[in-house]
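What follows is subunit A paired twice: with subunit B in the first complex and subunit C in the second.
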Partner chain A sequence: MAHRTGIEVSLAIAEAARQAEVEVISAYPITPQTHIVERLAKMVADGDLEADFITVESEHTAMSAAVGASLAGARAFTATSSQGLALMDEIVYLASSLRTPVVMALANRSLSGPISIWNDHSDIMNVRDAGWISIFANNGQEAYDLTLMAYKIAEDHRVLLPVMISFDGFILTHMIEPVCVFDDEEIKGYLPPFNPPYKADPEHPVTFGPVGVPDIYTEAKKQQDFAIRSSISVIKEVFADFEKEFGRKYKPVESYMAEDADVILLSQGSVYETTEIAVDRLRKEGKKVGSAEVRLWRPFPFEDLRKAVANAKVVVVLDRAISFGGQPGPLLGEIRSALYPLEKKPGVIGVTAGLGGRDIMIQDYEKMFEYGYNYLKTGKEPEAVTIVGLRE
Partner chain B sequence: MAFDYTPYIRKDKFPNIWCPGCGIGILMKAIIRAVHKMGWKREDVALVSGIGCTSRMPGYVNFNTLHTTHGRALAFATGIKHARPDKHVIVVSGDGDALAIGGNHFVHACRRNIDITLMVLNNMIYGMTGGQVSPTTPAGYRASTMPYGNVEPNFDTVALASGAGATFVARSTVNNPALMERQIKEGLQNKGFSVIEVVSNCHIQFGRRNKMGDQIVMRHWIKDREVPLRKAKDMSEEELQGKFVIGTFVKKTRPEYTEEYAKMVERVKGSSK
Partner chain C sequence: MKLSEKPKWQELPLAASIVEPATSLEYKTGDWKTLKPVVDTTKCIRCATCYIFCPEAAYEENEEGYFLPNYDYCKGCGICAVECPAMCIQMVEEEAE
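For the complex of A and B:
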């Protein structure tokens, strides 16, 4: 049976990759991701994992080698953060358009400059439109579970797309948390052997990645979008099966006390759990507040979001990145756009916080709710960009 | 009288982040002394770095400094030199920064022979991120991503730079600060691309993993493996296995990139008149 143990979240993710029996791991050192692949390197060296570990010379190579391995029919894994993901970017787009079910663990960290090794969501937002299935884990247990589920989703023949699991750098990666780790026997067979319909095969040689002339490029892109949009049903199916089998429930949009809430604070990642504490505190004061999370970032869960916030009067969107000169938060823009077609819709306002490792305190969340109530009363939106916790 | 470093450092940024006993400070001081001896004004010097332990130097030295992304210091420096060919451009890098993720820029800077002086502090490991194997980790030595010893052969920085066309190539170690300073000065004097490798101790990430002892023991380990170039000439390849040959390997003249570029511009301007 699964045993509950105290484990550093990075090591729990490495454990999930081992239990997924990944065959090729290619990764380059970058803080705060490094512990994951260091542990995998040791597992491979100790013979605990039958895999090749490629110590590549850059993240660009890490992603290229993962895509190559996947095309050759191997289950591939990589992990990175921040600048590493930015350097991978070119191949991140190839992984999805070549339909390689690579899984990436992304320890969220801010992008330069200034150079910062600390946590925010600017790295993931940079690859928002890259065609990967993208899921947020909010704690160690979720990072572990979702890494296993990622392969189930990615390799499903109805999907065949890469999946990235995001989890907050340092806040999660370097924390020791209680995690229910499956016994190998228990999880064996959860993932069927990797059997992609198209792979490099000496008996039947094929070409991957040729030029898409104007005559076919458009259709290829439409197919790609169709694939990721349709994958939401498979994702929900994998979540439901996991719950049935192991009892832990995952939803594309998570919510807490949101059903009857006037003001909902919507966020992503580990902060979501802290917003729940703020909700409890404000509920005690008689305020009808709730919180929600867009866990499934891509494909965007339009219907689930609409249901989750339908009854609210205001949704306060907490962004962990800035869309400079734009929306001003990438999450805010998405939420507004998703709710816009509704006849009866809540007001949507945005705040930003927690950039480059700046802590967000309970009082900060309370302040965010205040912005929501203020909007309810006055109709006045916080100006762009309102950063809670900014030193002025 | 002892050398006064104070005009060249930003005292308010100290203490630095380097581990006690790290060799990077020795390199930093040698660079400062070499620049001082060149008689250059601080304003005329740009010091550029990428990412890694060595790359933290731009915070501490009082030149025009630029701290860029992992591996790209030479690319940024190439831009600086293009824009201001009359100024002096210095790049400091580690082995991972210069030879792994930035390897492409390294060979092309050598090929172009652009007037930049690159110092590669080779501590044989990725120190900052926790001791992963680097392109200069000697075969058989342990790293966090090679827990039972490195199976990959390592780069010879000097051979790589020489082969790719650098016009001044030298190597020293942290045990030879005076030699290091002379080599850096010669590199700065060279009108072209200069590569100076400095073999250093990372007793925290490399030494600890390989049970080599503290910084003193590691410096002895390096010292025991130092062979002066003139002596190495009479030694066989086998005898030189695992040794650090120190000295100046390449010192030659070849057209410098920004000068050639300026000449081309003049030539084309002239012909269009």
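For the complex of A and C:
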């Protein structure tokens, strides 16, 4: 039987990778992700995990080796953060276009500069269009569960795409949390053996990643986009099966007290759980508020989002990154464009907070709801970029 | 799927991979060239330098041991003409023939 234990979230993720029986781990240490691969290296060295741990000289190579391993038919795992992900970028795009079901644990950390090892979402936003399935975990249990589910989704022949699981650096990675960890026996067989349709095999030669001449490239990109768009049904299926088997429920869009809410605060990652506390407090004051989260970031869950916020008057979007000179938050832009086609739609306004590890306090969330109510009353949007918690 | 075909996106092999080996033979690079190499066999010393240097492996050896380019694959880069120690390869305009 599964046992509930206090475990550092990074180590729980390493445990999930072990139980997924990954065959190749290719990673480079970077704060705040390091504990994950450090633990995996130890498991391999101690003989607790039969896998090749490839020590590489950079994240660019970490991702290259993971993609190569996957093409060779191995279940591959990597993990990174921030600058590491930025350095991988070139191969991040290749992993998805080569349709390699690599799983990456991404401990979200802000991008330099100034140098910051602390948490925000600028790293993941940098790769949102890279063609990976991208899912947010909000606590240790979710990070553990989703790492296991990631392989189930990625390796499904209807999908064959890499999956990244995002979880907030330090806020989660370095926390000891109660996590229900499966016994090995219980989870054995959850993942069928990895059996890709093509692999690097001298008996059946295949050329991966040939030049896509102008006659081919367009069709290749359409094929790739079709794959990720259609993966949403497989993702939902995997979530539903997991719930049936193990009792924990995951949804592409999570929501709390949102059905009858006038103002919904929408966010991603661990802050979503804190928004629930703010909702409870404001509900006690009689305010009809709720919160929601876009857990599944790619493929974007258009229908689920529309359903979750359909009845609200205002959606306040909390961004953990800035789209400089743009939206101004990447999440805000996505939410606005997803709701735009609806005839009856809520107003959508945006705020930014929690950059580079800045704490977001309960009062800050209350302030965000206030922006929502203010918009309801006056129609006035917070100007770009409104950062809650900024000294000015 | 042959390389020369233009598949719909649904027909393209996964990730545009080439799933049959040796299909490069079907990919004729000959129509890239404007100049073509012409070997003067009266001066050729049959050293095979052209054969070794040609990036398209377009040179084929004939029965007499001379090396001649296969124009279906020769892309006209001119490397052979530069490398030939006997200087017996001329790059000439295709129409000029």
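The definition used in the following text is that the second predicted complex is superposed on the first by the 392 of 392 C-alpha atoms of A that agree within 3 Å, B and C clash if a C-alpha of one lies under 4 Å from a C-alpha of the other, contacts with A are read in each partner's own complex, and residues count from 1 in each chain.
FYI, a residue touches a chain if its C-beta (ideal position, glycine included) is under 8 Å from a C-beta of that chain, and two chains touch if they have at least 3 such contacts.
As the structure is a prediction and not an experimental result, all values here were calculated from the model.
Student: Of the two partner chains, subunit B (first) and subunit C (second), which one does A:57 touch, if any: first, second, both, or neither?
Tutor: first
Student: I'd like to know which partner A:222 touches here: subunit B for first, subunit C for second, both or neither.
Tutor: Touch status of A:222: second partner only.
Student: Would you sort A:112 into first (subunit B), second (subunit C), both or neither based on which partner it touches?
Tutor: Once the two structures are laid over each other on A, A:112 reaches subunit B alone.
Student: Using the touch definition from the top, say if A:31 reaches subunit B (first), subunit C (second), both or neither.
Tutor: first
Student: Once the shared chain is lined up, is A:41 touching subunit B (first), subunit C (second), both, or neither of them?
Tutor: first
Student: Taking the superposition on A as described, I'd like to know which of subunit B and subunit C A:295 touches: first, second, both or neither.
Tutor: neither
Student: Going by the contact rule at the top, pick out the subunit A residues touching subunit C in the complex.
Tutor: Answer in residue numbers: 97-99, 160, 197-198, 205-210, 212, 215-220, 222-224, 226.
Student: Considering only the defined contacts, which subunit A positions touch subunit B in the complex?
Tutor: Residues 28-31, 34-35, 37-38, 41-42, 45-46, 53, 55, 57-59, 83, 87, 112, 115.
Student: Which residues of subunit B touch subunit A in the complex?
Tutor: Residues 51, 67, 69-71, 96, 100-101, 103, 126, 128-130, 132-133, 135, 144-148, 152.
Student: Within their complex, state which residues of subunit C touch subunit A.
Tutor: On the subunit C side, the touching residues are 6-10, 12-19, 21.
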